[in-house]
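Taking it in order: structure first as structure tokens, then the write-up.
Read from first to last, the chains carry the letters A, B, C, D and E; within each, the first residue is number 1.
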Amino acid sequence: MAKFRFQRKMIEPKIQFVGHQFMDTPAIQLFKYSEPGIEEIVSEGNLSKIFENLNYSKNFNFWINVHGVHDIELIKRLIDHFDLDKMVVQDIVDTTQRPKVEVSSDMVFFSVKSLLPQNGLNIESEQISFILKENILLSFQEKKGDHFEYIRGRLREGKGLVRKSGADYLLYLLLDAITDNYYTSLNGLESRLNELPQKIMDDPKPEQIFKLEHIKQSLFNLRKAINPLKEAIIFTEKGPSAHIHSDVIPFFADLKDQLWQLTDETDLSIHRSEGLTNLFFSYQGHRMNEVMKVLTIVTSLFIPLSFLAGVYGMNFKFMPELDWNYGYPAVLALMALLALGMLLFFKQKKWL
Amino acid sequence: MAKFRFQRKMIEPKIQFVGHQFMDTPAIQLFKYSEPGIEEIVSEGNLSKIFENLNYSKNFNFWINVHGVHDIELIKRLIDHFDLDKMVVQDIVDTTQRPKVEVSSDMVFFSVKSLLPQNGLNIESEQISFILKENILLSFQEKKGDHFEYIRGRLREGKGLVRKSGADYLLYLLLDAITDNYYTSLNGLESRLNELPQKIMDDPKPEQIFKLEHIKQSLFNLRKAINPLKEAIIFTEKGPSAHIHSDVIPFFADLKDQLWQLTDETDLSIHRSEGLTNLFFSYQGHRMNEVMKVLTIVTSLFIPLSFLAGVYGMNFKFMPELDWNYGYPAVLALMALLALGMLLFFKQKKWL
Amino acid sequence: MAKFRFQRKMIEPKIQFVGHQFMDTPAIQLFKYSEPGIEEIVSEGNLSKIFENLNYSKNFNFWINVHGVHDIELIKRLIDHFDLDKMVVQDIVDTTQRPKVEVSSDMVFFSVKSLLPQNGLNIESEQISFILKENILLSFQEKKGDHFEYIRGRLREGKGLVRKSGADYLLYLLLDAITDNYYTSLNGLESRLNELPQKIMDDPKPEQIFKLEHIKQSLFNLRKAINPLKEAIIFTEKGPSAHIHSDVIPFFADLKDQLWQLTDETDLSIHRSEGLTNLFFSYQGHRMNEVMKVLTIVTSLFIPLSFLAGVYGMNFKFMPELDWNYGYPAVLALMALLALGMLLFFKQKKWL
Amino acid sequence: MAKFRFQRKMIEPKIQFVGHQFMDTPAIQLFKYSEPGIEEIVSEGNLSKIFENLNYSKNFNFWINVHGVHDIELIKRLIDHFDLDKMVVQDIVDTTQRPKVEVSSDMVFFSVKSLLPQNGLNIESEQISFILKENILLSFQEKKGDHFEYIRGRLREGKGLVRKSGADYLLYLLLDAITDNYYTSLNGLESRLNELPQKIMDDPKPEQIFKLEHIKQSLFNLRKAINPLKEAIIFTEKGPSAHIHSDVIPFFADLKDQLWQLTDETDLSIHRSEGLTNLFFSYQGHRMNEVMKVLTIVTSLFIPLSFLAGVYGMNFKFMPELDWNYGYPAVLALMALLALGMLLFFKQKKWL
Amino acid sequence: MAKFRFQRKMIEPKIQFVGHQFMDTPAIQLFKYSEPGIEEIVSEGNLSKIFENLNYSKNFNFWINVHGVHDIELIKRLIDHFDLDKMVVQDIVDTTQRPKVEVSSDMVFFSVKSLLPQNGLNIESEQISFILKENILLSFQEKKGDHFEYIRGRLREGKGLVRKSGADYLLYLLLDAITDNYYTSLNGLESRLNELPQKIMDDPKPEQIFKLEHIKQSLFNLRKAINPLKEAIIFTEKGPSAHIHSDVIPFFADLKDQLWQLTDETDLSIHRSEGLTNLFFSYQGHRMNEVMKVLTIVTSLFIPLSFLAGVYGMNFKFMPELDWNYGYPAVLALMALLALGMLLFFKQKKWL
């Protein structure tokens, strides 16, 4: 089944990476952009190279994306460099956490689960954390897989609002891309669900209940990922701040609407999956009824006839019928009559 | 099953139409009215013709209805012309959204789902958006189907309160017409539900569980459409504004009551449909019991008799009964006695 | 099943009667009373006769009861005569509404459902509306059936507190009579529920699930009627007003307690009815088990014996047993042994 | 089943006793105590005797306990004597009410349900009302049964805090004794529940579902009694008053914790009872499977063999096998082989 | 099943130990530490020895851990020594309580359940209470089992933040260790749950429903322990105090997140266990279907053939077929044809 949780260990006092992935070196990517242009620096685990090229200025927006969160020292240095609260490091490297938002005067911190349907029913889960501090956006991805290539393309080509807007708008775009993945996951589960009624009608094997429960479990997992994100985004309704400006708030409000819509859809699918359980058991019971009807018809038809044959197979000396010339055809006729009566009885019961 | 959702795609930075319908040209309809008279202009996609005939004045009410929301440029121009916030365009053209209301000092924005039962069990869903700005009402319909012809008739003929009242009262009338469609949808589903008990009693086929789950799913869909609309209309309880005047508020309050009544009714129907599942399984089990009783009675009746016949069909040299004169009738009498005993046993068990 | 809802039609701009009943003339009844005495005027649809005898004065209480709410003009005139908000007329004549309370400085408006169990399981529902304006109480009953004759008797005879108290106390008495009918309805449903366990144990026919689901549905309907009334009466906790005085508030508080108690009882009955479904299916399964046991015992007992008889019924030339003198009794003894073994096996399985 | 509700009748204007018990004379018991000593007066329905011995003083605590609440005049006189609001009389004598608390500047009024498990599964319910007015505590018990003898003993012997503390502490002790009875009731139900799994495994008779549903119903009844009491006690969190002093509040807080714990336990038991329903149906289905396996094995084993015997029992003139010397043993060997094959097939299916 | 509750007795006025454990002497352990060093004193029930070595000073942190809570006098003396409210003693010694927090200006009091999975499915529950008063932490453990050895090690070796931080940080570490045990318990239950689907598919015995319900019950117990702790820790969100300083609050916030995550996980597992019930019944029904199919196929195949053999086993004088030369092979061929037809019928029904 789609599993989102990893093993958790006690974390104290050294912050520890909690998760599965382990890569040799994290990849760091810096985008420095404003409306007229964009600079892009990529480095394998070498923060100094990034810092050298940063040249911080109020006139640009900065997006630093880190792939791989197991190198705690690197993340600490990054957090230090931007004068952020060190407590946040634990939240970034613990990839087993519940999604959450934390707002301080210093920054806005988001930790969300990105879901991507793999082949079949499995949904891969990745934790992505965001720190927004005025014109700087830091993002931390658990894995090297890529959810944001489309947005990088638009940044590079200067298409759309993205280069004209601040780092807060970029954060919105990234969260929106994650939300789109939720829709993709839900659509995948729904199309699996849509195949089931026909399969159940064709052959109500218990394997189909297994599949159904698997899908239901994934729907609950989906709900578990969406719900806290929805709760988190509601904070933007409190009004603009130094980090999220008033012109970007409507975009976040739209995101919240989408997530609300998603939980509604997920709930409906869960209800549907419960209905499919009823469908399964009704077809299983129907199968049993069919089998029993065949057994009952065949047995009820032939057992009385066999009895009759048995009677005239008895070896009594004195059995007058046996000596009649038309005894045999008479018995055959009687048997035919009996069979006909039984068939009419079954017809009337609507078993035939 | 009745499905209300469409495919959603990433929307940035160009606003994109999200939905199924695609028509060549949207139809625009302008009503300019006051108590004494009414003017009506219709145009196929030509906004300029509408604007030329508008001649805005505080002394009239204006209703502009747009059929088809795929021509984003046209909608943008319309929004621009009335100095409204451009953010609203996205909400109008995304027909996959959850119903909602947004109130600003500028305007009131409603996005609702209109449901119409088609032939059979399918309920067609259409998104309709409303913008109310003082004496101007803009409405945007996804499809060319018509929910409001009755209200247009009353406008033209000047019947009722509609020409004597403001654009806020017209908005109420339109939302009320949509609510009436919800009742029609629910009534349709309920009459389908009402047919089921008799059908289940006649023949508990699994197809009936399929139908039942289909109806239940549609009831959940109905609930999903009604609930956010109810929540949305509650905003009018905050008191009158420049857009909705105090004399129209009681009409909105009545609408809220109707929607509340609707969710109550829908809940009851959902509970009823759950009861019908129990009914189905009890009849299916009853069928099985009936089949098994017939099998058991026939088998239990004839198998001992057949055994007896078999005994006297054995070819032992020394079997004294076979030589008795009354051996045969004695065995026949014994068989009759045995059968009678069995029948009495079944009678006592109330299986006959 | 007990149904409380009627067809709803679009209502604009003329207020329309929404409901089933249609009588030629509504009956109007005026009570004018104070501690020392009471005047009673009855009129068939003639409001003028009522108004002539009214002689309004602060020193009396007035109760005007209207039977039949289809004569909208009459109701409008009555509302007009007491200078009440016309909006309320729609709420009086729409008998399909959810129960509610509306409080303004002008008046208190209540619309409630009165339930009365008819013969069998059906519960008849009637909407009754109340308007309380200082010392005037107006009540509007959908049907001519009578729920309040006991209270009229006390008014006429001057028994109890009713003539000593205001119109607010009279309103309490009327609502309390309606609440007593709820108890009667619930008791009726509960006594139907109490009969079911014995019936299910005697004969688990699916008709009993049908009855059970019918009762459950009626319990949900009861809950649906009680719940909004309870919510409505809570408004009295806000403190005394010109219409409801502080000395009558404790009576309303007691009413609320009773309604709370009622929803608790109804919930318990719903839980019980769900338990009875389990009971039914356990008895149905038990029946099936019984039938199958008989089948299995009879079949398993005689089929091996029949086989043995069949063996010695074969016509092989060379079958030494057939020629033995004690072949026949030996086979009979073997058969008896086999049967005994089978019976012991069933005994050990606790099937006998 | 354990039933807590009685018939309710319209109550106006004379307050009426609502309940089952009817005793000739209520018993009244007065305790007047302070740290150094205690006075105790008992009277059968003679209030004057109680009032004569009262000698009210700020320096003592007074506890008047009344057994039997059908003598409304007596209760009215008692309420009058202490200048309390007459409205409370109705709440004392109506023993069908929901538990509640009412706080005024005058007094604190509690009405609670005391539950006591009787023999078997029945839980007897009694309403007990308390009025606390500074140093005076009045208590009204529906029945003569005794829940408080242990506390009276401690009062008489001056053990513990009770004589050193005020009437508020005594109220706490009485409510705590009632809460202990809830624990006893729950423990009784739980031990009944604990016996069921073994019984179900031994013999899944439908009588066990009947017992199970009975227990579940009693658990819901328990929950219904506890919940409003918990809500009621929360009022003490608002802070000390003239009736409940700050030093006693922690005791009430502890009571609330216990009731919370109780609802948690009750919920767990309800969940467990739902699990036992699953257990029952799985064992019932298992039984059926066992029966069907025996039937299938016996039938499938002997029916083909019987057929073979039947073939060689046919009377055709020309059947060469019948004339063979080893025809009979060959057929017997074939039969043994067939039976062996069948047994192996069942073995492989794990039915043996 | 995993049981967390013990017998409760009336507790007044002497505080009584409520629980199972009874040890001869409680063990007391004192840690006095600051960044540079640590002192450790252990005593068997001798408080004086602890007090002698205490030498209270603002410059150190003190942790006194008591194993065994049945020696009420000892606990009272300890509470007295630090001038704490005596009411807390009852909460410490009553080990049947619901987890809770109580905050006063004097101290912060926590009472929590520590869960530890034992061998198999049983989860052992222990109550642990904490009192935090500025730089002093008192902890009371019900049993001698040890949850905190890892933390003691870090204290002794001065590793991590623990010696550099205050007593509030130590409290966080202890609560975090308890939370880790919750994870361990949940993981244990989940791995038991994960084994079930395969077992059910292999052999749907009712013992597996028994195991499943056992696990589900333990999951509910887990939820019952976690939920109030989560509610309790939320109090730290109110801001720093004399007892919990602002630098430690984020650690408590993280704890709350973990507990929230835990209830989410537990809910998911409960949902999964409900899905496994469906799986079980589908496999049980499948088994039954399989058994019935074998019975029906064998019976339907051979019963008509046996009948045919029976016909030609009759002893009528005049049966022309018996005299034909090819009568016997013709009947055998007819039998083969009949059998083939049946097999084709079963093939078409997909029973073979």
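As a convention for this text, a contact is a pair of C-beta atoms (placed from the backbone, for glycine too) under 8 Å apart; a residue touches a chain by one contact, two chains touch by 3 or more.
Remember, predicted model here, so these are calculated numbers, not experimental data.
Peer 1: From chain B, how many touching-chain steps at minimum until you land on chain D?
Peer 2: 2
Peer 1: Among the remaining chains, which ones contact both chain C and chain D?
Peer 2: Chains touching both chain C and chain D: none.
Peer 1: Using the average of all C-alpha atoms in each chain as its centre, how far is it in Å between chain B and chain C?
Peer 2: 26
Peer 1: From the C-alpha centre of chain B to that of chain E, how far is it in Å?
Peer 2: 43
Peer 1: For chain A, write out the residues touching at least two other chains, lowest number first.
Peer 2: In chain A, residues 281, 285, 288, 292, 295, 299, 303, 306, 310, 313-315, 319 touch at least two other chains, as defined above.
Peer 1: If contacts are counted as defined earlier, which sequence of chains do you get going round the ring from chain B via chain C?
Peer 2: So the chains, read around the ring from chain B toward chain C, go B, C, D, E, A.
Peer 1: Give every residue of chain E touching chain D within the complex, in rising order.
Peer 2: It comes out as residues 1, 5, 7-10, 12-14, 87, 90-91, 96-98, 100, 203, 205-206, 209-210, 212-213, 216-217, 220-221, 224, 277, 280-281, 284-285, 287-288, 290-292, 294-295, 298-299, 302-303, 305-306, 309-310, 312-315, 319, 321-328, 331-332.
Peer 1: Enumerate the contact residues on chain A facing chain B in the complex.
Peer 2: Residues 150, 154, 159-162, 173, 176-177, 180, 183, 187, 197, 201, 250, 254, 257-258, 260-261, 264-265, 268, 271-272, 275-276, 278-279, 281-283, 285-286, 288-289, 292-293, 295-296, 299-300, 303-304, 306-307, 310-311, 313-319, 349-351.
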